[in-house]
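These notes concern the structure reproduced below.
Here the chain labels run A, B and C in written order, and each chain numbers its own residues starting at 1.
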Amino acid sequence: MTTSPNIFEINNFSASYRDAEALNDVSLNIPRRGIMSIIGPSGCGKSTLLNSLNRITDLTPDFSHRGDVHFDGQNIYQRDFDVVNLRKNVGLIFQKPNPFPFSVYKNLSLPLKEHGMRNRKEIESTVNESMKIVGLLDEVSNIRRRNATELSGGQQQRLCIARTLTLKPKVLLCDEPCSALDPVSGKKIEDLLVRLGKEISVVVVTHNLAQAKRISDCVAFFCMVEGVGKLIEKGDTQKIFNAAQHHMTREYVDGSFG
Amino acid sequence: MTRVMTKVFAIAAVVICIGTFVTMLIGLINSGYQSLSFEFLFSSPRNFGLEGGIAPILISTSMILVLAILFAVPISMLTAIFLFFRCRCDTVQTRLILTVLELLASIPSIVFGLFGMLFFCDFLHLGFSILSGGLTLALMIFPTLCLTLFASFLTLPNETRMVSESLGLSRLTVARHLLIPHSISGIVAGIVLGVCRCVAETAALIFTSGYSIRQPRSIFDSGRSLSVHIYELAMNVAGGDANANAAALVLLIVLLIINLLIFAIVDRQPNWIRSANH
Amino acid sequence: MKLTNRYRDLTFDVIITVGAYFGIAVLILILILLLGNSFPALSEFGLGEFITESKWNPTNESMPKVGAVAMLACSLMISIGAVAIAFPIGLFYLAFVFLYSPKWMAFLLRRIMELVGGIPSIVFGLWGLITLVPMVNQYYPPGASMLSATLVLALMTLPTIIISVDAALSSCRFDLMLASNALGISKESYFWFIAIPQAKYGMIVGIVLSLTRVIGETMAVVMVSGNVIQIPGSVFDPIRTVTANLALEMGYAADIHRSALFTIALVLMLMIGTLVLTLRWFQPRSFKGE
């Protein structure tokens, strides 16, 4: 099982809030390496899918699901599954940058300590490493004093990515990571994701089709069918943008959707 | 018509309110200030409080107060943190606890006094003591304090909660590094309001901490609080009015200082703290 | 690594859960102790006598009576009276704050009420005893009466009512007032016919909660009400409320007398509890703190 090329295997997964179904019968594999884009109109359940993969849907009392999701061969919804370990391995980045309101250094070191790293030297080098990957090491000085909320929006978002990277995740889920940022900051994040995609699995939800085309290796297209979100089509980026099989996909990437 | 009447009545209402309270204050100051002096604050009462000061009473009051806060704050904190973590995913339990807290908050203080008498004084054999009084007051302010703390916790942005969960942070860490620092001004304001209620309380103390006018040597001694002293002087000591007024002035000045403190803290906080406490 | 994290969460959960059930434990303990101590009186007289008879004479050897009707009625009458006096005054006070005050004055008027709200009841009682009672006494002796008690309570509850109604009104959209001004709706009409109906629910909550507070008030009432157990013939007659009776008699009561006192405390608590529960029952979901 663990030798499977896919980090996530989602089988017949449906999700609903209270009685309203948000996702219906999604089956999707997410490879261990490379960038997958998830595209689709608003409200088709993209965020719902991402949140279910990290299980922060546990915080939503109305949420319920059917079907199963395997992470590294283990069903994440089975009883006594180690959620904390899952969250350590699956980073989640939100649309709005959301650093914690304390120093940059503490932002990065807190999750590390939380997951059992005690050695000061080790923590420091891990923090520096992550800062370097996201390109903040040279941009931000005095990280022990500087409050993270004083950084610019783009820097904050990169800090959030660095925060999950300190935990050495196997998957990075990004929910519209650039849409609250200016184009230059967005470009930096984009480049960062491309670099990360060489090592780990990156899933990006985006409304920016050009971006999806630029960065992703494969694309999954979701859409509402009779009020419920469904996976319409999944394939290589080239194929989805140039020769999609489903007419809805073609219309969506052409911009003639609706 | 509506316009004129509204304006007339509104102005009348403000004049009546402010006028009455100002008259009241002036009356108290007028009849109390002669007896108010350094000596009054720092000497022991003589002749049932007709002469002398209120030093041991101030000491008893502070001891009761410190005990009440010491017991009430930790337990309220636990309840409020529990409510914060459960309110989203376990609405039944949350609603049960919230209802119970509201019921407790509505119990008259004299009933808390009777309960304190039965439980702390008799059942736990603490007798009429400062400890009994402090514990009774702790129970009395606990429900309101919980509700205030919970309301201040709810101002933590939902995203922060989501992010910390997505990073796999434990609840202890979330509480310690995010929740409590975020709501610190609300916590302080809630505690200060609790202090105010303790200082002002009379009915819950007359049957728990007792009337002893002597200097308490330990928390197991009986001790009279300032408000009980005012009550005794006004009701049960003939000619005690002047000193009762002076003691009331001291009480008001203490409360005024505490209140100014809250304004300094609460100013930047939204309405909820005030509404939760009235 | 995984284990430590889970273990910490578990320990933490246990501790906060214990904390959370503390409140429930306290409520149950209060009920048990009160019930246990009322038992002798309840079994001797039955609850019926407490809530139908108005004579209170539990120390009488031959014919003890434990009727709480007069005291309960007085408690209710002065509380409702106090709220009925305070509410309209408070509403007009707020009309002034919302409609006619510049910003700084509104701020000041609110702060004043918050300050006044912090005045201890014993101080109100003292003022009533020294100033109000003699004043009433000049015209209608003895002065310590239902009227004095009602007035003192009204004054005490005024800040509470103003603050809670203010909170309810502030949740309405007063920024629409300007827009409706442009439509020719006067700000007074906006206040009475748009804002207040919107804030109706919050206002009712505020009123009922201050009513429960007033019913439970003890010391101020003891000091100004005259403390005679009777159903008053007029507002100038002295009265005694349930809470006042508890404060006055518990100090020396023994045996069945003491038990009867616990019974009336229980009855009072149940009354207030019913009020609070009813209010919560009718609360729309958004008010329940979720």
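FYI, a residue touches a chain if its C-beta (ideal position, glycine included) is under 8 Å from a C-beta of that chain, and two chains touch if they have at least 3 such contacts.
Please read these numbers as outputs of a predicted model, since none were measured by experiment.
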item: Chain located farthest away, centre of subunit B as origin (C-alpha); value: A
item: Dominant chain pairing [most C-beta pairs in contact]; value: B-C
item: Chain nearest the overall C-alpha centroid of the shown protein atoms; value: B
item: Whole-Å separation of chain centres (CA-atom averages), subunit A against subunit C; value: 53
item: CA centroid of subunit A to CA centroid of subunit B, Å; value: 49
item: Cα-centroid distance, subunit B relative to subunit C, in whole angstrom; value: 16
item: Subunit B, residues touching no fewer than two other chains; value: 91, 168, 170
item: In subunit C, residues with contacts to at least two other chains; value: 5
item: Sites on subunit A at which at least two other chains make contact; value: 84-85, 114-115
item: Residues of subunit B that touch subunit C when the two form their complex; value: 2-3, 6-7, 9-14, 16-18, 20-21, 24, 27-28, 31, 75, 77-79, 81-83, 85-87, 91, 94-104, 106-111, 114-115, 117-119, 123, 139, 142-143, 146-147, 150-151, 154, 168, 170-172, 175, 196, 199-203, 206-207, 227, 230-231, 234-235, 241, 244-245, 248, 251-252, 255-256, 258-259, 263, 271, 274-275, 278
item: Of all residues in subunit B, those that touch subunit A in their complex; value: 88-91, 157, 159-170, 173, 177-178, 181-182
item: Contacting residues of subunit A [partner subunit B, same complex]; value: 54, 56, 58-61, 83-88, 91-92, 94, 96, 98, 100-102, 106, 110-111, 114-115, 160, 163-164, 167
item: Complex contacts: residues of subunit C adjacent to subunit B; value: 5, 8-9, 12-13, 15-24, 26-27, 29-30, 33-34, 37, 88-93, 95-96, 99-100, 109, 111-123, 125-127, 129-131, 155, 158-160, 163-164, 167, 170, 186, 188-189, 191-192, 209, 212-213, 215-219, 222-223, 243, 246-247, 250-251, 262, 265, 268-269, 272-273, 275-277, 280, 288-290
